[in-house]
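Heads up, the next two complexes both have chain A, just with different partners, chain B and then chain C.
Presenting the complex of A and B:
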């Protein structure tokens, strides 16, 4: 990406956020969508109110911790299985189908199951791991296949074994795709953690959302939702930057 | 013609042949049932320390011969061996060096690490002196830390040849290594390759469609014709080694180039007639 296109992108992004913010504010002030749609300024005021700082702080820390652990665990398992499929081509088709069928099960249906199978506090991590697993597996597996015919021929003529080829050709070739998978997995694991918290984790943004909904705390509900969105965007941005770094280093 | 060809072959038949193709046929399967014959009863031997160039029009199967020698393809019938072993076996013993028209350097690695890659593939400790020596030989010492994309096309091919030579292969396989380069760079690299080769005399198979390149570098030039690929003429080139750039301007050199060009055109016309007759 050139500096100019990035600058244009930034300008459009800022414009989009501004339009969204102004519309939100207007809708909230005029109450055209009812009193349960507060203006943006109220939500932001609630979010930065020192009185609620420790409440939000604890929730964010809990969700971040669950999402982070799930993200790391899901990505590691995905990488391991993708590497295994690359080393043993016999496993490749079966593995792809296995991963696709896991992905086909709605995460929300697995929540109660995890609650039964494991602890309440472990559920957000487990669902975050599952949410991160799929994009990382798909991207990494595709990355391992993304080598040129002449590179594969070269390694074959040099007498390379599968492991050496994985280590010195497929792994470096897959890094940009892997980073792309992480970029998609980061917000997915935040979403997964929040989803897991709904089913009764001790704390976290998911719990905050459920309890504000049940107690009709509209501003708190919106603030929690906004916080969740901000965390996802932050994770996406961090790994987006990481991906650009990796791509610049490998090409 | 056939007798002459057999004589040429016999002359070079020795116990120490580093590459031997016997009655090799290669068919490529197309769709169901259909197949195309890429090579038809090919006999070829390369003696120890000999440089042989395969010359022919595109589609004559010369690259297929190289791929058979590299163990990347299997013959439909006939046998291929490198220093007495099947090519795949020789590849596993890390006894083959190869350079393609596409340099196939790893884009994320420096020139130095690219040249060192065969050591890693062979699970041997990297001999940094050997790597430095080869970089010096191909004139890339200053570019050791550069990435392939920072190099010119000619430099990339030099790095690719250094990589092919780093493990002192039994057999060097060059598939149009300078095919994508401009004429000036190509001539320069031919002169360099000739002096590099004069140092170790590693047994070499060069696939090319450039007549001058073949005549300048090779001990023998094998002319092929297409559809199906077969060997038509074998021409011994006995210019003294090391060969100097002046040779490229000598009348003797041009006489041989003209002779081989004529035979190339003749067989190409034959092949066209054959394929038209059969269709």
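Presenting the complex of A and C:
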């Protein structure tokens, strides 16, 4: 990509986002979609209002905490299962199917299960872990296969076992794919935590969103939804940077 | 790596599976059928041990931990409930599936249409792509309460949500697919004097089919999830409404049965779309 096309792309991008913002503001000001669609400036003003800082702060901390714990737990389990499938190829086919089916389970259908299995405050973490699990498993499993034939031949000729091959060949080869999986898992775990909170967690962004929906607090509803989107974008950006770092180092 | 790319959400333009990797990862159909005929039990266990693990684990947990049946019913009692009262679940299931599939088809049609328009008009593409990329990283399912408040607690709101869920991925994937034509092919079309419309119909559109199928697989399960979430929060009708109603009344048997039905539909739709995607890749990929 030349600097010229990149600059045009950036200009279009800025313009596109600006059009989106202006449309939002205009729709809100003119109340075309009714009073439940506030202008962007009102929502931002509400979000930065010091009066609500501690409210939003506590909610963000709670959601961040459960999403983060779920993210770590889901990624660890995913790595473990991917490594297991790499060591025991007989499990691979069924494992892939099993994981894909788990992923297709609508996360909200698991609400009844988690309410029984753990506390209401643990449910967001569990659903976040499940949401993070799938992208990390798929990426890591594919990364383990991402070795060259000549490397595999060399390890075979030197008489290395499956474990040595996993540790010294497949693991390093899987790093970029693994980082890519983390990048997709990060926003997924934020969404998972929010869904989990809807089953009655004591606090969090999800609770704020639902209670302001039920109580007709329109500005607060939009502000907390915007906050959820920002957290999700932030998680995506951080792990996007991490992935670029890993790819640059392993190249 | 190629498998990961298509399985995840990144456009697969750069690293599509080559004929060679596809052949090695998917044995020939005749061989697979022969394998299945030779030892059906083993073939079945190898592919579907996960399902048995889940149902078996659930049954064992309920039996060993001696959980209160009212809180967590066993798999057997859920199947009995489904067999004795199927009528309770027919109407909600049809409602949820219909709204999810109509929204999926509508959103994908609109996404593909906008992607095609922006293929003809570069300015439109420049404007829409960054917006679509940003909105794609926004958790739309978490925005259901906002949309419910704006458009009302009605069935059409759920439809709008499922349309939005499938629109953005389709737009992004089809756009990149329309541009990922084989190297040199555009030059060939130009040399032979093809018009822009011919170029679109004969080259760009076919090369976007695999990407559209990836978008279909990614959106399908999300549409069902979004429909359930919306029904759960708004309590209009459908399986999500059954959850909300019965969890409130602590009628866990009904809640679990509805969850099992929703899960089965979602997994079946996922497997179907994955099969379509693989068939499409075999037919349209270079």
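Keep in mind that, in the parts below, the second predicted complex is superposed on the first by the 235 of 251 C-alpha atoms of A that agree within 3 Å, B and C clash if a C-alpha of one lies under 4 Å from a C-alpha of the other, contacts with A are read in each partner's own complex, and residues count from 1 in each chain.
By our rule, a contact is a pair of C-beta atoms (placed from the backbone, for glycine too) under 8 Å apart; a residue touches a chain by one contact, two chains touch by 3 or more.
Small disclaimer: the values here were computed from a predicted structure and weren't measured.
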Seminar exercise, completed: Counting residues of chain A touched by each of chain B and chain C, the higher count belongs to C
Exercise. Does the superposition put A:93 against chain B (first), chain C (second), both, or neither?
Worked result: second
Exercise. A:15 contacts which: chain B (first), chain C (second), both, neither?
Worked result: second
For this session: Would you check which partner chain A:138 touches, where first means chain B only, second means chain C only, and both and neither mean what they say?
Result: second
Exercise. Does chain B (first) or chain C (second) touch A:227, or do both, or does neither?
Worked result: neither
For this session: Once the structures are superposed on A, label A:168 by its partner contacts, choosing first (chain B), second (chain C), both or neither.
Result: first
Problem set entry | chain C - residues contacting chain A, complex | 1-4, 7-10, 45-51, 53-54, 67, 71-72, 123, 126-131, 134, 137-139, 141-143, 145-146, 148-151, 221, 224-225, 228-229, 232-233, 240, 243, 247, 252, 255-256, 258-259, 262-263, 266-267, 269-271, 274
Seminar exercise, completed: Within their complex, chain A touches chain C through residues 8-9, 11-13, 15-17, 19-20, 33-34, 36-37, 90, 93-95, 97-113, 115-116, 135, 138-139, 141-143, 145-146, 177, 180-181, 184, 187, 190-191, 194-195, 198, 206, 209-210, 212-213, 216, 218, 221-222, 225, 228-229, 232-233, 236
Exercise. In their shared complex, at which residues does chain B touch chain A?
Worked result: 70-72, 91-96, 98, 100, 102, 104, 106-109, 117-118, 120-123, 149, 173
Problem set entry | chain A - residues contacting chain B, complex | 148, 150-151, 153-160, 164, 168-169, 172, 175, 249-251
